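Chain naming follows the written order as A, B, C and D, and within any one chain the residues start at number 1.
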C-alpha cells in the first residue's frame, strides 16, 4: 500500500476534501476527550492522549434500535443504515480492538447491524507519540504504530503527516486527497519507523501473559480473586469504556402503540447480567464477576478466536474509581500459575 | 406555542378527600377545564415522586398531587410525609430546569368542590403558559 | 496525624478475633492513586496510609457486601468490620445507623480527624503524574508534593477539594477510637457551584443539565460508590414494570439522575464521591448539595450527625413549610 | 436453516392449542405452536435438545427448550413456567394468539451415537420438558435403540407435567416408566421419594446405557453422584445447562459457564466435559 506525505498546512484542505461523509474527531479538553461530529469547515486539532469513551461507539452504539413495530402488528421495520462516516484520529489500540471484536460478531453468523456500520465507517488512525501512564499495548500484540483494523494511519512527523493506506478505503481517501499529498521518501519512512520505535520504548507498563490463557482456569479457587476484587464497586465503568467489551442487553420499549426492540451495552460486572428469574445467580458476588471478566479476556476469548481480548489501552486502569488495576491482577495471576 | 395547544395534566388525587372534592365539583356543575387526567391513589403519601418524573417523561405537561388538609388524613400522617417528600421533589425539579409551573401540590378536602375548580384552573393555566413540555420527554420511538 | 499511631491501632484492631477485616487506604498502583485496603491481620496494617489523597469514602463497603448463600450447616461469619473514617465518612456511618442499614455492634469505627483532602483531578492537571511514585503530605499552610527527591510546597487553596472547602465536620462524629486530636474546623466556603446554577433562568438550567445528562453512560458507579445507596433491589434494575428504560438517552438519563438525587434528599452527607467517580465528570454533587441546602435552610436538619436522630424522609413536623402548596 | 438474513428478527407463529400442565403460583403451560409463514414451516428443522427464543413483541423473549420431537409433526411445543415478565405475557396467550419464535439454537442430543444403546432419562419438575423430545424420538425409532427407561419426579402429583402421556406409557410393558413425588398422597400408586433415591431403587445397569438428566441443580448434583455409584462412566451421562440468555447466537456474552457458551456449545453437555468446568455447577 502506498505511503504518502501531507504538509500540515494542507491539513484543513485534506479534511475539507472528505465531504459527503460525517466527520468525527476527538473534541473536548484535558482528560475528557470524546468523539464528536466535526463542525463544517473546521479541521480538528489532533493533540490528545486518548478519548475517554472509545470509538467503538461508532460501530457498536451504546443504544441501538434493532427493529421497530406497532403493538399488535406483525411487520417489523429495521433501521436503514446508510450514513457514511470518517473517524479521524483513532488510536491504533482502539482500531485493533475493533478487529478483535469482529471475530465475535462474525462467529458462525454475522451480526448485521455491527458489520453494516463497520462498512460505513472509515477509520483514520493517528500513531501515538506520547503513551499514557497505563498504556501497555506493546505487551498484548499492539503498538503505537500498529495498523491492524485501520484504513489509513497518520504519523505526526513535525511539519508533515506520514500517511499509510492500509485498506482499499484508505487508498480511496488518498486518491480523494489528490495533489495535496506527495510521495514519501525513504528518509521519511526511516524517520517514521524511528519515531514509532522511540514511542514504543517510552511504554513502561508491561504484562507478561505467557501461559496465562491455558493456566488461568486452573486458578479458579485461588484466593487472589478475593483480594483483588474486595474493593470492586460492581459498576460498569471498566466494561463500558473498554474498546473490546461487546456485551449487550436486549429490551423491548413501548411508548403508546409505538414499540421497538433495542440493544444496549451491558456489563458482566452487574449482578443482573447473569441473574436467573428464579433468583439463582451463577456469579453471585463481585469476586466471581471479576474472575470471569479476566478469564474471558485472557482465556475464553483466546480459546475461541486465539487472540487476547485486550488491547492495553489502559482505560480500565485510569478510570476505575477504586484503582483495580488489570496489570497488577495479571502480575498476581502470573505469579500464582 | 401552537395555537391549539391543550396542556395534558396528570393528577394524583387522594381517595378520601381530593377525589371526593373533585367528584363534588362535578356533581355541582362547576365549570372547569377538562385537561386533567385523574389517577386515584389511596393517600397523597402513596405518591412516589418517580410517578411525577415518569408522567413528565410520558407526555404530561403538568402534574398535580392533591391530598387532604394536614390533620384530615385518613391514615393520620400520609399527607405530612407527602408534603415533605414532594417539597423536596419540587426543589429538585426546579433546580434541574423543569418549569415550576408544571408541578403543583394542593390540599382539597371532600367538601371543597369550588377549591378543586380553582386548583384545576390554576394548574391548567400554568401549564398552558409554560407551553408543551419538551425537557426530558421520551422521544417518539424512531431510530 | 501520626501515621505510626494509626498503623499500630489498626494492627491491634485487625488482630482482634471479633473483627473480620479492617478497611483503610493504601498506596495505589501508579502515580497519585490511593486504593482501599482490606487488612485481615496485624502485618497487613503496615501498608496503611493517611495522606491528602485518601478521599475515598470507605463506609460504602459496609453495605456493599454481597452475601453468598451459605451451604447447609455453615454459620454466617458475623464478626465486626473495622473502618477508618474521616469526618465526612463518619457522617455516612451515622446516617446508616439512623436508617438501621447497619447495627452499631457490627462495625468498629476508627476516626481520623481530617485536615482537608486534595482533588485528584486538579492535582493531576497541575502536577502531571509520572511513573515514579509521588507522595503527598500536609504542611501548615497547604500541601507538599514529594516526587523523585524534590519537594514542592503548594498553597492550600490551590489543591483543596471542593467538598473540603465546603466541609463543616472535618472531625469524625461517630467513632470507637480516635487517632490523634481533633483538627480545628475552618470557615466553610460559600457553595458557588450550586448558587451559580440557581441564578440561571429555567431554560438556562435545563440547557446546562441536558448537556451534562447526555454525557451520562449509565455505568452506575455514582450509585455503587455511595454509602447511602444500598437498596437490595434498586428501582433501576426492575424490569416488571420497567420504570427507567435501560436505553441510554437524555430522557432516561435525566429520570435516573433525578431518582438518584431525590433518594438522597435529607440523607446525603456531601462526601463528594459520586462526583469523583463519574467517568463523564458530571457535577452530580451539585444536585445533592442543592437538596442538602434546602433541607438545612427550610427544615433546619442535617443528616448523619446523631445516630439516634429521626430519618428526614421518614419523619415530619406539623409546621413543615407548605408555601408551594395551593 | 434460517431464512432471515437478520438473526434477531423472529418468525411469527400462532398458538394452535394451549393447556395447563400444572396450576398454582409457578404454573406450567404448554403451547402447541404453528408458524404462520408456509415457507418457514417447510424448511424449519430442529433436533431434540435444541431450544428457541419465544416471546411476545413489545414484551421480550426468553429461551425455552423445544419440548417436541421432530418426529411428531410440523408443529412446535413449548412448556413454559410462569416466572418473569416474558413468561407471564406468554401465559396470557390463548389459542389463536400470536407468538414470536426465533431459532433453533444450541446443539442437540447426539441420538445417532446412542443407537443400539439403552436410553435412561431422569427428569425433575419442568426438567422433563427437554427430556420429552428424547423420549418421543426413541419411542418413534424404538427398534434402533436397546430400550427406554424413564424416571420422572416432582414435588407433588399436581406438579407432574405430561401426566396423560405417562399414564399410557406406564401401561406399555416394554417401556419401564417410574413416576415419583416427594411426599405421600392418597390415590398415588407410583413411587414416593426424591428422584435420586428412586434412581438407586430402580438400579438401571450401566452397561450399554446412556443416562440423560435435567432438572433443578440440586437434583442434578445428587443424580450424578448416584449414577457414579451405579457404575456409569462420565461420558455415558448427558445433561443440559440453563443460563440467562438474550441473543441466543453467542454475541451478547452472558450465558457462558467457564469457556463454554451455553447457547452455542450447549445446552446439551456430556458430563465428561462438564466436569472440567467448575462454573457449570455454581
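Points to keep in mind about this one:
Basically, a residue touches a chain if its C-beta (ideal position, glycine included) is under 8 Å from a C-beta of that chain, and two chains touch if they have at least 3 such contacts.
Small disclaimer: the values here were computed from a predicted structure and weren't measured.
Shared contact partners of subunit B and subunit D are A, C.
Across C-D and B-C, it is B-C that has more C-beta pairs touching.
Inter-chain spacing, taken between the CA centroids of subunit A and subunit B, is 47 Å.
Each chain gets a centre from the mean of its Cα atoms; for subunit B and subunit C, those two points are 36 Å apart. Our note on geometry: subunit A versus subunit C, Cα centroid distance of 32 Å, whole angstroms. Multi-chain contact residues, meaning those touching two or more other chains, occur in subunit C at positions 239, 245, 249.
Shown for subunit B are the residues in touch with two or more other chains, namely 138. Shared contact sites, meaning residues of subunit D that touch two or more other chains, fall at 84.
Chain pairs that touch one another: A-B, A-C, A-D, B-C, C-D. Listing the residues of subunit A that touch subunit C in their complex gives 30-32, 34, 52-53, 62-63, 133-134, 204-205, 227, 230-231, 233-237, 240-241, 249, 251, 253, 262, 264-265, 267, 270-272, 284-286, 317, 319, 321-325, 327-328.
Across the complex, subunit C meets subunit D through its residues 239-240. Only residues 66-67, 69, 71, 74, 76, 78, 104-105, 107-109, 111-112, 217, 220-221, 246-252, 254, 259, 261, 263, 266, 268, 273-278, 280, 282-284, 288, 292, 295-296, 299-300, 303-304 of subunit A touch subunit D when the two sit together in their complex.
Listed in rising order, the residues of subunit A touching subunit B in the complex are 65, 68, 79, 253, 255, 258-260.
Listed in rising order, the residues of subunit C touching subunit B in the complex are 197-198, 202-210, 213, 235, 243, 245, 249-252, 254-255, 257-259, 261-262, 265-266, 287, 290-291, 294-295, 298-299, 312-314, 316, 318, 320-322, 324-326.
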